Structure formats: structure tokens, C-alpha cells
Amino acid sequence: MSIVRDAEIAATPTRGGFATLFSNVNRWRVPLSVLALCILPWILPSQALAVNVLIYGLVAVGYNLLFGYTGLLSFGHAAFFGAGAYATGIAIGAFGVNWFAAMLIGLAVAAVLSVIMGVLAIRTRGIYFSMVTLALSQLVYYSALQASSWTGGENGLRGFTVSVLNFPGFSLNFLDPMIKYYAIMVIVALALWFVSRVLNSPFGAVIEAIRENETRARACGYDVERTKLLSFVLSGILCGLAGTLSAMHLSIVPLDSLHYHTSGLIVMMTLLGGAGSFFGPFVGALAFLSMEDVFSLWTSNWQLIVGVIFILFVLYLPKGIWGTLISWWKSR
Amino acid sequence: MNTPIMSVAGIGKQFGGLVALKDVTADFREGQITAIIGPNGAGKSTFFNILSGALKPSTGTLRFRGADMAGVPQHDYVHRGIARSYQITNIFPNLTVIENVRVAAQAFRSRLNIWTNRDLYKDIEEKAAATLASVGLSARAGMLAKFLAHGQQRALEIAIALVADPALLLLDEPTAGMGPEETREMVALIEKLAVDRTILLVEHKMKMILGLSDRVLVLHHGQLLADGTPKEIQANSEVRRVYLGQNDGYA
Amino acid sequence: MTVQLIAMQLFSGLALGAVLIMVALGLSIIFGMLGIVNFAHGALFMVGAYAGLYVAGLTGSFWWALVLAPVLIGLFGMLIERFLIRPLYGRSPDDPLLLTFGLGYVLVEAVRILFGTDGIPFSTPAALRGVVNLGIGFFPLYRLFVIGVVCTVLLLLWIGLEKTKFGLIVRAGSADPLIMRVLGVDISKLWLVVFGIGVGITALGGVLAAPMRNVSPEMGTLVLAEAFVVTVIGGMGSLAGAVVAGLIVGVAVSMTSLFAPEMATIVMFALMALILLVRPNGLYGRAAPGL
């Protein structure tokens, strides 16, 4: 998959001040993202869509760390999204834990699961990796289906609600749609800041080197397997965080959130937006969910249209929306 | 300077039923330039991959500065002081030229730090820039590596290995695909590098090897056929028969 | 828990394994030759079952369905290779994988539009109803028939690969695609045919499975995961691996459903995890692809 590389865009000689502009945009990428997210609920047709963009945008950003930057095509990230959601829901519903502790539990479960899946999947290479991650995530799916006394089985997990976010000294009404949106947005913004730091760190350089040339990265003295595992786990934790947010937002965890179809949605969103770029995944989530919103009004078979569009992107616009825009702007 | 920096004893390698390398024993002395030659299929690449840790030998032992390297994973070789370049240019194509070298230099400072901004590692950046300057690529630092000309990519290839500041530098056909002018520049570079390190290279260009190296190993059918100074190798009738006589190396 | 019961369950496992073999074979043949993983594989299995249903409805005969549906879907597979996958050769191996994933999405939705979202029962042909006495107990005739068909396909495939010129080219090509160019073989035609055969075998698996499972648009979903599990256990690109792993998984699933039914869907994935720990390249795997 051709990947839009931030480095590539910055390094390619261009007419005018594009490179300067880009490097400025890149330097301010977190504040710019947050600004865009702030106005999102005011420009989108519904507040529900805006929250979905936040949550799935975060999933795609987490996934992009592994796919876009490390070059590993996982088809199992629904497992971490779902595990985060289930763990949070069970912690609140069955154990009456407060929302913040429930989130931490969700993150911890996603982290443990991604370590286990990562250790197994990273033993394989190339195309095997995609198959193995898919199969292992289905193991999680069927385990959740069987453990119905905990998970609610096919009906999904119900019976938990977060109506108030309690902080020391004040509390927020989580049932108010706007307060809910901005509360979730603050967490997403923190996650974006975290990802941005990771990408700027020495580790961020190593994963890109591994994506570019695994053999050479190893010869340069990097433990490729361990680096991949760390990337896998970070990416899993971010998807888990999105899962906990999704659980608190919906007050239900559908069983399907663990299914590999959900992994497929994550892959599609990341790719539609542009893998390997900071803004791409959010653009992808926004585009995908808006398409779903519009097409599902016309027809119940909107997945047909989405599938066709995805195929066309793979064939003709493999850089995704954001990457193609950048290329077009550059060559103007 | 007569202690062997690296020694191989009874090294052999089999792939399934195919014997690629058989019972090779040799010592490499510090400060020397040693060339490994042999016809295609002689086992040079296999030998080279074993020396650099990319392959583990089926039999025999490899020692570096006296330490057995059997249990050492490949990525640790460079940390012990062995770095290699590749025959087929093996760079990071979509990273900038300076980033290619910087990421290689960074392996000695920080590998799994996910939090600090890498721009704060000024020493790494300086080391990368200096290495780039030493191979003559400073003017291309900001370019994407894939846009470099072939000879420049070869130079970058060596810079990536060199930034590790290895005691033992393994060069796999450093002048592959180069014209006479570029070859001359590469030879000058290798001579410069040899001042304070041990170099082992695989090459096809015979004239270059005879002029450059202190010692030549000849591999044939996976076995060590001859081991000596360039003069001795030139005089060796068996070597002339299997290799030099073919004349393909003299081009 | 009698010995007979266990033996019968073993036979059920073989029948289940037989279908798994078909699915994994199709995947493995395509991978071995073209070096791509077909993520639309489960969907094509499902489309095969629907094609069988359609042909059986038109002709009134299960036998026509058994023969025609795989051929039709195999030809459809060739169209997919020619117009969707061929443009991607030379790009990253992830691209065909992503494309076929999207294609699977489209196929499932298309079948929902054409045949509805509900499952459709596919009745066992009259001649294959009933049970046979195997000496140790009564076994459904249809399952025995499935085992027979799969054995026949395996035999034909073996003859085709080992005894014909086409087979020689295919084997040489999967060992080293470069050789084919040197020898002047038109590799794009070969890939077209191999992709068609791989898809056709999968479609046959779909038709065979139809009377045992309900035919529904989602029936391919589990199949894709199953095919991956079998392929990973057997070793990617290895036909012998697909056969052995298919049988192992089939028997393991059917034995688990006897002793611990709640674990039946989980056991094959656990088996795969175990194999990955012990032999990351699978039972018959060569060096991992992507090297």
C-alpha cells in the first residue's frame, strides 16, 4: 500500500512555500486537530455522528500507528476495541466501579490482550500476520460469545450507564449531548497529543525504519520483534481507549464490536483517509461515517456502496483522501 | 596488531540438502583489509551473512574478540562492533538521506524511548551529519533516499554501516554497478576508512582487490581454496584455474 | 460415552474436515502461485453455495448444481483476477488483500439484495438422504458422500499437479516465479487459471456444505476465519499441509463438541495459537513468506 509519509511530503522539493507550510501544519498538528474537533458538532448534521467520528477517529489513529507507521496490516484490532469496551462495561455494571477506574480497567485489559496477541502474531511475517491477527481476534469474539453470563453473549453487554462524570470538586452531566461530546473530546485530544509525541520520539523513527526496510533496521542494531510488539501494544491500548469511550457513550457493548468486520471497518477508515499520516485516520473516519450516514438514508444496502468505494480507493487512490489532497496541492 | 579480531573455525552451512559452505577456518587480523573472492555460487554471500549474523552456521564457531557469537541475535552484532553494508542497495527509501543515517546512529542511544522528542538528541544528529559528510553526501541530506543516483545510494549504504563506528566493517560488493570513476572514489573511501578499522569485503573487480587488500580468501564450491596475500593468490595455479582464468573478474 | 460414539464423532470430524480442506486448498493454491491472500475467500464460498442453490432451483437437480456452480464461480473468479487483482501486481502484497476484503463486503451485500437477508434451507438430495450402517453405528449418507467427493477432488488435483505439463508449470511457478519468465511461460494466463481453480474449489466447498449448514449471506464469515486457521496450522502454500490441518481441525472440533460443546468454536483458534508458539511457519511451512 502506498502510504502518505509525512517525511516524504516535507522532504519533496516543491515550488513555493509548500514544504514550509506543511512543516508548520505538522508542528501544530495537535492544536489544529483539536480545533477541528471543537467545531465538528456544529458542522455535522447530528451530534451522534460527531461522537462517532471522535471514537472511530481515535481507533483509526491508534491503528494507524501500527499499519501506517510500522507497516503491519492487522485484521484483529476489533479485539482491543471490544475488550476495552467490555471490560469497562463489566467493571461498571457488575462491580459498580466508578467511571475513571473503569476506564483504566478497560485500558489494562486491552493492553494485556494486545501483549498476548502481539507475541503470537509477531512470530509470523508478511501476509501471515494479517491472517493470524484476524483468527486470534475471532478467538476473542467466540470466547465472548460463550462467556455469556459475563458478556451477555449475542445480545451484547447491557445494564450499565454512566450518567455523571465525577471529578474532585465538581461533576459533569454525561447525559447532556454537548457535555458528553466535549468530555470525550478532551480524552481524545490527550490521546492525540500522546500519539504525536510517540511519532516524534526515537521510537517513532525506528518504527518508520522498520516499515521501510526491516532487514536493514535489524542490521542497524534494532530488535525488530520487540519494537513491533511495543508498537502493537501501544496501538492496541489506543483502540482499547476508544472502546472504553464507546461503552460509556452507548451504555451497551454489541458483540459485533469484537468481530473482524469491525477490524475491517478500522482498516477501511484508515485507508480512506490516508495511512501513515497524522490527519489521515480522522479524515477517513469522518468520510466513512458521513458516507454511512448519508447512504443509509437512501438504502439499507449502503455497505455495497461503501465496499465499491473502498475497492476504487485501493485501485486508484491508495494514498487515501488526505494523501491525495496533499499530492494534488503539491503539484498545482 | 596481530591479535585476530574475528576468527571462524570449521564453519559450515546447509540449506536442506544443499551444502553452501563447508569447514571454513580463518582468522582476521585487526587493521587489515581482507577480500573474499570466488566464482558465483562459491558461498561468498553465505559466508558473509554468517559473519554479519544474518545467518547462523550449521556447524563450527564464530568468535569476535574472543567471544563466541553463537547465541548473539543479529541486532546485537552492530552493538558489539560489527557492521555491514549490502550488495543490493538496502536503504530506507522513503526516509530522507540524513534520516537514513540518523536512525542508524540512534540505535546506540535510544531504541524504545517513546516520549522524548528526537530533535533533542543533538549528538546523534551531529554524528549523522559528520558521517554523511565523510561519504560526500552532505548536499543531499534533505532528499528522499530513493531519489539519489545509484552511486550516491551506494555511498549512503556505507554511511549507514559506518555511523555505527564499527571495529569490523563488512562490505558486500561496495562497487556493485559502479562505473570506473565512481569505483575509484569508493576505493579511496575504503582506504580512508581502513586507517582505524578492520575491513572485510566481497568483490568481483579483481584489479581493485589486488591493489586494495592486504589479504585475499578464495572460496570455491563452499570451501576455502586459498588464503594469502594478493601476490600469493595471483601466483596460485589452482586459483588461476578456477577463478582468474575465467577472466570475468578482470573486467 | 461409548467407543462407538467416539468413532462416529471421529467420522463427523472427517466430514467437517473435508469441507475445511476444500476451503483451505483454494486459499493455499492461490497463495502458493500468486503470492496473495484472498480475503474474499469466505464470501466466494458463500456465493458458491448460493450459485448451487440457484442452479439446483433452475435444473431441479443437485448434481447439476454440484458441477455447474463451481465452474460458474470459477469463471467469475477469473474475472476478478483479470480486472481487479491484476492491476495490483507489483504493488505491496497488502493491496490485493485489502481489495479482496472490500470485494467480500460487496459480494455479501449483493447476495443480500438478490436472495434476501434470511437463511435459505438447502435440502439434501433424495438419493443421499438417510444413514448407512458402518458396522459401528449409523452415519449420515450425505456426509459420507462429502468425504468421497473431497477425496476425488484431491485425487484429481494430485494427478493434475504431478502428472500433467500444466501441473509441472504450476509447481515450478510456485517455487520460483522468475523461472517462468525465463522459460517464456505466459505467467498472466497461468495466474488467471490458477485463481479460477482456487475459487472454483472453494465454491465446490460451498455447494457441498450447503445441505449441512444453512445457506445465508453470513455463512462465509466463519469460513474465512476457519480457512485462515487451517492454512496457518498446515503451512501457507502447502497443499499437503491444507489436507492434514483440515483433518486435524475437523476432528478436533467434532471431538470437542462431544466432550465440551461450549469450547467447540474456540478450540480451532486455540490450536492455531499453539502451533504458532511451536512452529510459526505451520506444520508443512517453508520459510515464512514476505522474506
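Each chain gets a letter, A, B and C, in the order it is written, and its residues are counted from 1.
Here, a contact is a pair of C-beta atoms (placed from the backbone, for glycine too) under 8 Å apart; a residue touches a chain by one contact, two chains touch by 3 or more.
Values in this document were obtained by computation on a predicted structure and should not be read as measured data.
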Length of the shortest touching-chain route, chain A through to chain B: 1
Chain centroid nearest the full-protein CA centroid: A
Chain centre separation (chain A, chain B; CA means) in Å: 42
Centre-of-Cα separation between chain C and chain A, whole angstrom: 32
Between chain B and chain C, centroid-to-centroid distance (C-alpha), Å: 47
Residues of chain C touching chain A in the complex: 31, 35-37, 39, 84, 87-88, 91-95, 97-99, 101-103, 105-106, 108-110, 112-113, 221, 224-225, 228-229, 231-232, 236, 262-263, 265-266, 269-270, 272-273, 276-277, 280, 288-291
Residue ranges of chain A touching chain C (in the complex, touch as defined): 1-2, 73, 75, 120-121, 123-128, 130-132, 134-136, 138-139, 142-143, 145-146, 259-261, 264, 267-268, 271, 301, 303-304, 306-308, 310-311, 314-315, 318
Residues of chain B touching chain A in the complex: 52, 54, 73-79, 83-84, 86, 90-96, 99, 102-104, 106-119, 121, 142-144, 160-161, 164
Chain B contact footprint on chain A (complex, rising order): 3, 5, 7-8, 11-13, 197-198, 200-206, 208-209, 212-213, 215-224, 226-227, 230, 234
